[in-house]
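Next come two complexes built around chain A: one with chain B, the other with chain C.
Moving on to the complex of A and B:
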């Protein structure tokens, strides 16, 4: 490439229909060499369709113009996209767990129809050079399955660079990384950018994305909303662009809750996870718990529900000291835990909505013979669907057919059916559209008003600030600050958490 | 690669090797016949067919599939080949390998086409073809054996002969040479070709392989076609050893071979397995049986011991993961490998 084109990638008039559904309408998208760009939008806005068009997985409707490194491309295929220097790092990384680091990084070199002789040794010098360029050291013979997730991510990046990538798409790259791992990834992205490799982030963690990228392209319902510089962009403004809703953020905290305590924790510690945590949740109180990823929030929740054993300290529930040996014990004592990973842990996706709702309370809907009573089941399912306003076709439809927001309501219904006195919500809005989040929090608030104690764990500072009665900030396994949303602003809380 | 690393990456193989060495040592003390040349050569002669099947099955297991039909397929190949040789005016060894290899590949491709075309898991398809192949074979042959075979096919060919001091002969027959050829060819395929690497990748993470542009239909065709070819060649060599074609002679051998390959560290989920492990697995089963015979133990004990060995091998290789899971549940919850 002798000339230095202005855009590494330039798309114009891209439309795509699936049957009668318009996934993309007249979208354009441009990335400069070495730029860190963010592609933002809600679920179903067309982000992944766009990536799949760029990488040749889908063909756009006629009229689309695709230009890579100054060259007009008539028809793009996955192989051509790779040859032209466009790589995608998928959310699941798409690596081969039983193959070694070197074999994974060099894998794309061996793909082909016709048999050819290959030896991993011949690729090793190039693989080593790439890892050196990224400033990381790795054992090339280690199988991927033995590496932590952050290292796997680096392997995926190195694999993209093996094909001389000029533009790398990263789909939700930080969703399972701790804070220090995220920082390392960000440093690598910075390094790539300096070397002239453009990076496009697709992420729901708006704060992180805004911090590192220079431009953000926003899509909504298959239309381009616009391209904005990230300087001066706030999370709220970005969320509004994505949803086209004016998001009224009002502090919903109730001042001076004076009821008896449901949960009292004193000096709770677990080795390498959290130390000397003390907290108190009263009846009808929503306590927010935030902090950076890896601060020990989820670990604390796991100890509270008996998934792990704390090394020292006490947990009192309703004034009585408890010592759970399993989650079952915790459920019986009235604690419900809505896990972060709804897709794999919270719901049984292929089963029906009704079956999912009653899984926690099967013993309460039995006939005297010990069979599941269809009548009792129906009554219970209908009650919760109505109570939580879950929008469904039939209660016999599979859960996987629902949107993220409605799935989360099914999870809530499932746990509310156990009639808990304390509910722990771990990142309840992950994968839920910004517009649907308010509905979830309205339910949470009304549960608190009925006297339930709620521990709301979230990455997103805004979420806890606006929806909790008080907020605890956790850093490196310790709770070191209590924030009152009625007295201090969300910016103050942000500056503390991200300090 | 440092030596300890080699051991760490081939844990199952190394463990099996140690067990095998200890077993051989014990048997050589318990029975003076065990280490005799005659016993060792007959061990190889008797297991050549199993080894040919085993390396074929290894390729299928690496690609994430399973094949139950190969032993019956070998019987089908024997019959069809015998008919073909009659039609071709007798045939010879070159034609023999060509015909039986091609018929075997054809039968393998039937499996591959059904598995890929209907997206049905391989165990279901190959159980179905196992029954279909066997049923058709019994129907058309009415269960009759064939004794009238071309002489080139049934004549004994030795690649090694030795008369010991007391006058007994020990020899290696052609099947052993063919077996070595098949093992080397499979080793080259899975270890040193791009196709082999893609087979491992497809077995390891099919979706990732698809996204990387691996031709999935081709992978299925290579895996089951290779298995079919090995089944055909094994069928050809089996006839050379027993000098007759019996329709139900090989029926039931598939599970023995499958057990041996799994014992050798091939992962039933795909993406893992080595030639070394495969050879050790088959030899472990063979030597166990041989040892029990020499020691005069009831043949019924054999199956029990093989079953027990598989349980021990499979469960001990999971203990490591189990203890890790206990210490750090989050690791296994987040990553879905």
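Moving on to the complex of A and C:
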């Protein structure tokens, strides 16, 4: 064993098959001590499988070489991986919500085969030392459930350090953080890196990958595409490496749309959610709405569709003032709402593709007797599957069996079936692969061209900049800026949103 | 031959097909063990016994499909029966006319519907768990019934009431005719009405259904109201079969209705299940109990066999699923 190994982790010739499916083929992956590395790729490219092999959850096919800190490992188990200093922080963090900060951080010290008496007090000095090393202050006795996500992540990191981690994997760590929280996380990662702890980010958020890491390993369909320095890499190029598609990131805005208004909101407010919001969407116009998480965007959408009641202000639809008491009213008046939470609000996951498509339009598939007509239902389902090119096996399959991109097309289908005049898209590409996103936006653009008004809400500044005719920025419940993609650059918009 | 079996199985669903096969197996076994099984007398006695349990099971079905449960079915039925009995007694007991009976039936159905409506409103608008709501309703109805009857039996009805419970039309027992009509109506409601569609969607995900514009509150209210109406029908049938009403009568059937639903392949978490397999499951339970009875087994033993049987079905389902997954993976 060498004293100062060149690699903290080195993998070669790793393959893994599940039944007949090749999850990984001949992949190698190396991380230097103290390096901040990114493992990037679309959903299903093999990122998770690779981590699970490194941490001993899966056994790779014969021929794989695994070397940790200069030591050849024949057979890795989860316990051995942890002992060798490899730690994974999964997206859900795997913390215990009702236990205190100190208990969570020292958790791995107290579990074992034999039961033993646990005195958290004895661990507190060590826990304090680790938090000090990270330059953070925290109340050790506070239960985890009372902490914001960003703080919980720090607890998870501290827990990994408690086990003397040399290499920490972080699975999509920033997906639920605001920019300032992300910045704090970055500072901590920087600190770890200076201490010689390597950090591997697993992410498909392109901007982030480029901002935080020095090297990026790209996987695609279980193959290694390559290892690239992030310097000089652009988002577009990285997306192309991940998808093998040539992506055109062009501003699609149409200048000077001069049609009648569909939606006019004036001074709309709802206590503690948003204040004095005024906005106007014309026929065929795509209006982007961005801002940090918690800025009040989804809350505004909920008030527009009648899920909540605004405290003051007016909503006019097609020139007529409306006052919805339920989402059904909104649907009847021609508003469609694509929720950001496709898993629990957008679709009824266990039910069939066909049933999901017709949930919004039951009245249109009845016979003259008032019964559901199987024939009308089938016609409608087939029409939308074809129209939106949804890739499915049978329309009777559960919608949960589809990929994120295809599920989102089913969501679009069920709303388009209502023939809306205004469509509200709330983070429409959450959990949708980069390659499939373009397809979704092509559909959205063509809907606008047919005269539909569209409110595109998104966290991703790039998404609204490239796909909207104009962009509104929301901060702390107020719309305070309008951005014109044709006149200003995406960087300008970024600096405004993240200011 | 294999193709034919495959076709039938595809047509009616694997689950139903398996249940029918098992039913046939039971028929063959019992008729070979005792010559009294396959007789007109036994078949007709089964057809008289099944409907009360059957209608109560259907009353349990829709709440379970919507992800809930209705624990108040038996006492709702009792109270409905009590309403009918009271009306008949007011109109002269054994001398009551057909008109009083019709009024009584309407009142009984209304009482059932009202009990269901209250539960439905509570479930829909307060978001309270259906188990708690229906449990509270069950205790209320039971207490109310026992208070009104002082725990005693009420009897003394006109003779024609008995014909509904014991008579036949074209050789088919009248209770069986009623059950068949109810089951058919239930099947149509679940499979081809907006309400039925909404029941399944709500059972899988209430919030997503609301976001899709399904009137979830109205649907939940209706589910329990309809369930109450079915309890009313069961209660009327019980009056005419036993010629008396006692609060608590049929209490043991409550859990059997749940059992029959799960045996018929209803997803305990809601969202999936059909009327047809549940009806077959009911027939299986009836055949088991009548067959064992003819073989001289104790009635309590046949209850035990029902329980064992359900455990067996769970194990078989698990094994079949494992096997199917294994085969799918090998492909």
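The working rule: the second predicted complex is superposed on the first by the 391 of 499 C-alpha atoms of A that agree within 3 Å, B and C clash if a C-alpha of one lies under 4 Å from a C-alpha of the other, contacts with A are read in each partner's own complex, and residues count from 1 in each chain.
We adopt the following convention: a contact is a pair of C-beta atoms (placed from the backbone, for glycine too) under 8 Å apart; a residue touches a chain by one contact, two chains touch by 3 or more.
Note that this is a predicted model, so its numbers are computed, not measured.
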item	value
Which superposed partner A:191 touches (first chain B, second chain C, both, neither)	neither
More chain A residues in contact [chain B versus chain C]	B
Touched partner set for A:78, first chain B, second chain C, both or neither	first
Which of chain B and chain C A:391 touches, first, second, both or neither	neither
Partner chain(s) touched by A:488 [first = chain B, second = chain C, both, neither]	neither
Contacts of A:298 with chain B and chain C, given as first, second, both or neither	first
Which superposed partner A:110 touches (first chain B, second chain C, both, neither)	first
Partner chain in contact with A:145 - chain B first, chain C second, else both or neither	first
First (chain B), second (chain C), both or neither touched by A:90	first
Partner chain in contact with A:237 - chain B first, chain C second, else both or neither	neither
Chain A positions touched by chain B in one structure and by chain C in the second	307, 344-345
Touching residues on chain B, where the partner in the complex is chain A	1, 5, 9, 192-195, 197-198, 200-201, 204-205, 207-209, 211-215, 218, 267, 271-272, 329-331, 333-337
Chain A residues touching chain C - in the complex, by the definition given at the top	19, 307, 327-328, 331, 337, 339, 344-351, 355, 359-360, 362-363, 366, 370-372, 374, 414, 418
Sites on chain A touched by chain B in the complex	78-79, 82, 90, 92-100, 103, 107-108, 110-113, 115-119, 141, 143-145, 148-149, 176, 298-299, 302, 307-308, 341, 344-345
Residues on chain C engaged by chain A in the complex (per definition of touch)	188, 192-194, 196-198, 200-201, 204-205, 207-215, 271-272, 329-330
